[in-house]
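Structures given as structure tokens follow.
Each of the next two complexes has chain A plus one other chain: chain B in the first, chain C in the second.
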Partner chain A sequence: MSQPKQPFDGLTLDIKHLSIAFQTRQGSVTVVDDISLNIGKGEIVGVIGESGSGKTIASLAVLGMLPRGARVLEGTVHLSGDSLLDQPESYQRAIRGDRVALIPQDALRALNPTLQVGLQVGEPLTLHRGISWTTARKKAVELLRSVELRDPEQRADEYPHQFSGGMQQRAMIAMGLSTEPELLIADEPTTALDVTVQAQVLDLLRNIRDTHGTSILFITHDLGVVATLCDRVYVMYSGAIVEEGPVEQIFSNPSHPYTRGLLDATPRVHGTLTGLKPIPGQIPLPDARPVGCRFSDRCAFAGAECRQTPPAVTVQEGHVAYCVKALELELEA
Partner chain B sequence: MTLFSGFSWIRHGLLLLGVILVGLVVFCAVAASIIAPYSPFDLDVTLMLQAPSAEHWLGTDELGRDVLSRTIYAAQISVEVALVAVGVGVIGGTVIGVLAAYFGGFVDIILMRLMELLFSFPAILLAIVLMASLGTSILNAMIAIGIIFIPGFARLARATTIEAMQQQYIEAARAIGMSHLRILVREILPNVVTPLLVEAAVAFAYAVLLESALSFLGLGAQPPDPSWGNMLNTGRGFMAQAPWLSIVPGMALFLCVLGFNLLGDGLRDMLDPHLRD
Partner chain C sequence: MLRLIFTRLALFVPTLFAASVILFIVINVVPGSAARSALGVDATPQAIMRFEALNGLDRPLAVQYTEWLGKALRGDLGTSFQNRVAVAPDILKRLPVTLELAVLAFLIANLIALPLGAIAAFRHRKAADVIISALATILGAIPNFWLATLFVLLFSLTWPILPAGGYTPFFENPTRNIVQMILPSLSLGLVSSSLLLRIMRTTMLEVLNSAYIRTAHAKGAPESVVLRRHALRNALIPFFTVGAVEFGFLFGGVVVIEDIFRLPGIGSLVLVGIINRDYPVLLGASLVITVVVLSANMIVDTIAMMLDPRHTRGGA
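Then we have the complex of A and B:
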């Protein structure tokens, strides 16, 4: 097959200048606007943002599963050097569940209630490796054991509703791991779980990275989860990336007012509740974004210069904020 | 099984009655040659139009044939027609409905407008038109009745498919690289089967009725093959001298249709989680 290939530079996922728009009756609405994002091998990268910031749509583009009406306007997506966009459906289908696996938010709803868990966990293997159902079931038991599910032999024959929330998520992770993919896309996989179970699942993901060298794209709105799990983080706001950098950098030295707002709005164990500062206003609709910096209408620091497209300001090596005042703010902090 | 836990035949008395009636009809159909006291075709003019007696429990018809035997054999034709017709309807309707829902857009519009076109004709009229163009035979009656059923099943299949497609596990199935066909068969079809099953039981009743209507009009089962419909038609001419000629097949038809309807309603109640306590 003659797939457009770019020289492999060690990046598992390389998204460049990706823009995605929805066609509506009112015209085209850009929901993901010129984002560039990459993940190295064995790296865990967080994408953080409020609902509607475009983080899930961007991940669906990687899987070639954009909803009806959504279209990639420009940009490229490469998986270990192989282009993923503008490929026939059959090519994308061969990638999905084999080289890229998705771990969804709500595991119970992502499992088919009419099928035994073992069959579902082994399904990607029958699809992509052409192995028989019996072998797949045996592999499924091993996989369930590897995600630390107790009594995997017996559990494999049970139905999803007989599983607890944490067990369902483990089963989904086992399914995602079955083909040993290069990239795991985890779309808020812990949001629906109890805090203790959440910690176990995060541990499991970290172990997977450590043992298999799997790259993980972790989509969330939970800063705490990002802090414990991720190596690097991208902050998205209203369809664009506003800040990116190593996790310690972002947390110790947030240089975009939105990132800072997010941190101030997150309760901390040692802080007082009175210290919580919600960000005023709400995320603008894609067709009603302010001119220039899209955060400017909610930003306490906004001035006349924010009516321009914000520049990429390198705060430190690998830490970039898309804010004209990034360095000023840094000094202020 | 969770489906049947706490199930009691007493609470579902009508379902029980339905099961008994349907069982009786199916038994007659399957075992007709064993339980029928006479051949349904044996003529004996010396015995014509005899009232019910110890020898001929339900009397004889205008050609001296045993009415009970003919009624039992007619069940065979009714069940056969209903089975094939409902089969055609369920399979055709499911395929069309599921495809329309799954692919949506243009496919959906074309297929469902076609279904509405079929729906817009009164069923019996459509059956007569189809029979007129296909020719009168019992096989064509099966096909014609089947075609009439397709739009109803298609709508139901489409609605349940649309509901199932909003489930996240369909997206999850796509995310592991399943093809459209595999998703349809493995993930969606199991959700569609239950409501279709209930609808099929009710359609069965309607198929029996339609077959009788067509045979009554001379378009279905052809003499000398017995069918409740053509028996009723013959009986019409002897209403005063031999009322049993009309009453017996009429009652058989009534009980059969009642049985299938009760079965369908009972199944609906049993399978509907909102009506289960």
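Then we have the complex of A and C:
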């Protein structure tokens, strides 16, 4: 393919200055604003942020599956050096489900209710490898076995409603793994599961990374999950990245007030229930963001300088906070 | 699955009973006298009394109904006031005509509704959708007798390529039968397709917005595969369940269309029954139509259930 191939630097996913807007009756609304994000080979990278911060939309752009009305304003996305944006639909379709797989939030609704699970799991192979349905079904049984589903041979012929929630999510993961993709995008894959099943699914994802070297983009609301699974994390707020860095750094030394707020509001990770402090206020709608730092209207530390676009402050190697006061805050902590 | 079918069958009998009671009351409550219709406007009061006594019309409604029901259960639907013809054998003779018309019209309606509804949903808010939706609105607004008259004008009188009426049994002369059925079933089917088309469009839109369709896209499936393999069956299940109701509505049209095209079916019998206040004929014909509609609903529902593994296959 004669695509602008950037010199391959070992990054599986490299998003640079990506902005996405929805065309609405009130005009254009930017829901993803100049985000840059990368994932190295075999890395598990978390994206965390409140509902509506743009996590799903950003990941759909990688798949070339933006919903109707959404448009990439600028930026680039490279998968192992291959540019993904501004490509014909056929090119993006060839990548989807082959080199990049999506593991969605609600596995039951993400599975076709009228198709046998085995066929759904094997389908990417029929689409991308041109193998027959019989072979695909055999492969599907192996895949279901590899995600530790019991009785995969019988289960392959069953329908999604006959599976438990955890089994459905395992089936989705098996489907994602079928083509051995470079990148798995997991969009809140454990939100619908109870805690024990959630832990099993996280273990499974970690094993997949360890055995196949698969890179994983893990989208979540849950800091606890980030702490147990991810190597690095990006914190998103209202369409922008406000802090990024290795997980230990972010947890031990949160340098953006929003990240701190998230940590203070999460009992499992930080302190006890008595210290629980929800962030006051609500995430602003994309068209009602404050000027300058978009967190400033909810921030306890906000001052006049926060009306400027926040600078990228390197707290430590690989740990960046987009906040004028990042270093002051660190002293206080 | 079998249980569901049996439940439906068990509901069949009480439904039919209720329908017969309601029909009986409505027929007797609407103004107009059977005797006057049968004997003419200048019949003497004595003649009318004699007619009513002869036909048992002077007794209380409950008694009349019980007697009618008792006979009906034995397959005897009485005789026509007008011409003393036994109702049940007459209906039996006419049933194939009506069934053929209804089934052909329903097939035509579905053949139009399924692809056009799917295309409209697939091209949501694009030109094709707008055109198809407008077409559905127009078809829904056209009265079927108007369309039938137009067809006769165009295809029987202006360009005489199709007959304007008449009926030949299928097994007597299949070609002739089909040729004669084209205009009646087309007039009825086109008008009936409107509602079905809108149902298909709505169910398909819902399916196309569902998470599993996004999964199919995320797998890299081309649109044609997404539609055929993932969307169609899931849209057909609610479509059939709701669409079965339209089969009932369609019978309203059967009455009119049979009259226009001079088809000797049950529908024309209903019409004659109404005009003449011929209660046995009206009651018998309406009841048989109710049986047909209920059976059709059951068949279509069963098809919808068989398409849905959530019904045919148990839980986890």
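Basically, the second predicted complex is superposed on the first by the 329 of 333 C-alpha atoms of A that agree within 3 Å, B and C clash if a C-alpha of one lies under 4 Å from a C-alpha of the other, contacts with A are read in each partner's own complex, and residues count from 1 in each chain.
One rule holds in what follows: contacts are C-beta pairs under 8 Å (C-beta built on N, C-alpha and C of every residue); 3 or more make two chains touch, one makes a residue touch a chain.
What you see is a predicted model, and the numbers here were worked out from it, not measured in a lab.
Superimposing the complexes on chain A yields a three-chain arrangement in which chain B and chain C clash.
Contacts of A:Asn112 after superposition: both chain B and chain C are touched. When the shared chain is aligned, no partner comes close enough to touch A:Tyr322: not chain B, not chain C.
Applying the stated contact rule after C-alpha superposition, one finds that A:Phe295 touches neither chain B nor chain C. Once the two complexes are overlaid on the shared chain, A:Phe163 sits against chain C while remaining clear of chain B.
Stretch 116-124 of chain C is the one among 80-88, 116-124 or 278-286 that clashes with chain B after the shared chain A is superposed. The residues of chain A shared by its contacts with chain B and with chain C are 63, 65, 93-98, 101-102, 104, 106, 109-115, 123-124, 127-128, 172, 175. Residue ranges of chain A in contact with chain C, taken from their complex: 63, 65, 93-98, 101-102, 104, 106, 109-115, 123-124, 127-128, 158-159, 161-164, 167, 172, 175.
Residues 210-212, 214-222, 225, 229-230, 233-234, 237, 307-310, 313-316 of chain C are the ones touching chain A in the complex. The part of chain B that touches chain A in the complex is made up of residues 104-105, 167-169, 171-179, 182, 186-187, 190-191. Against chain B, in their complex, chain A makes its touches with residues 63, 65, 68, 93-98, 101-102, 104, 106, 109-115, 123-124, 127-128, 172, 175.
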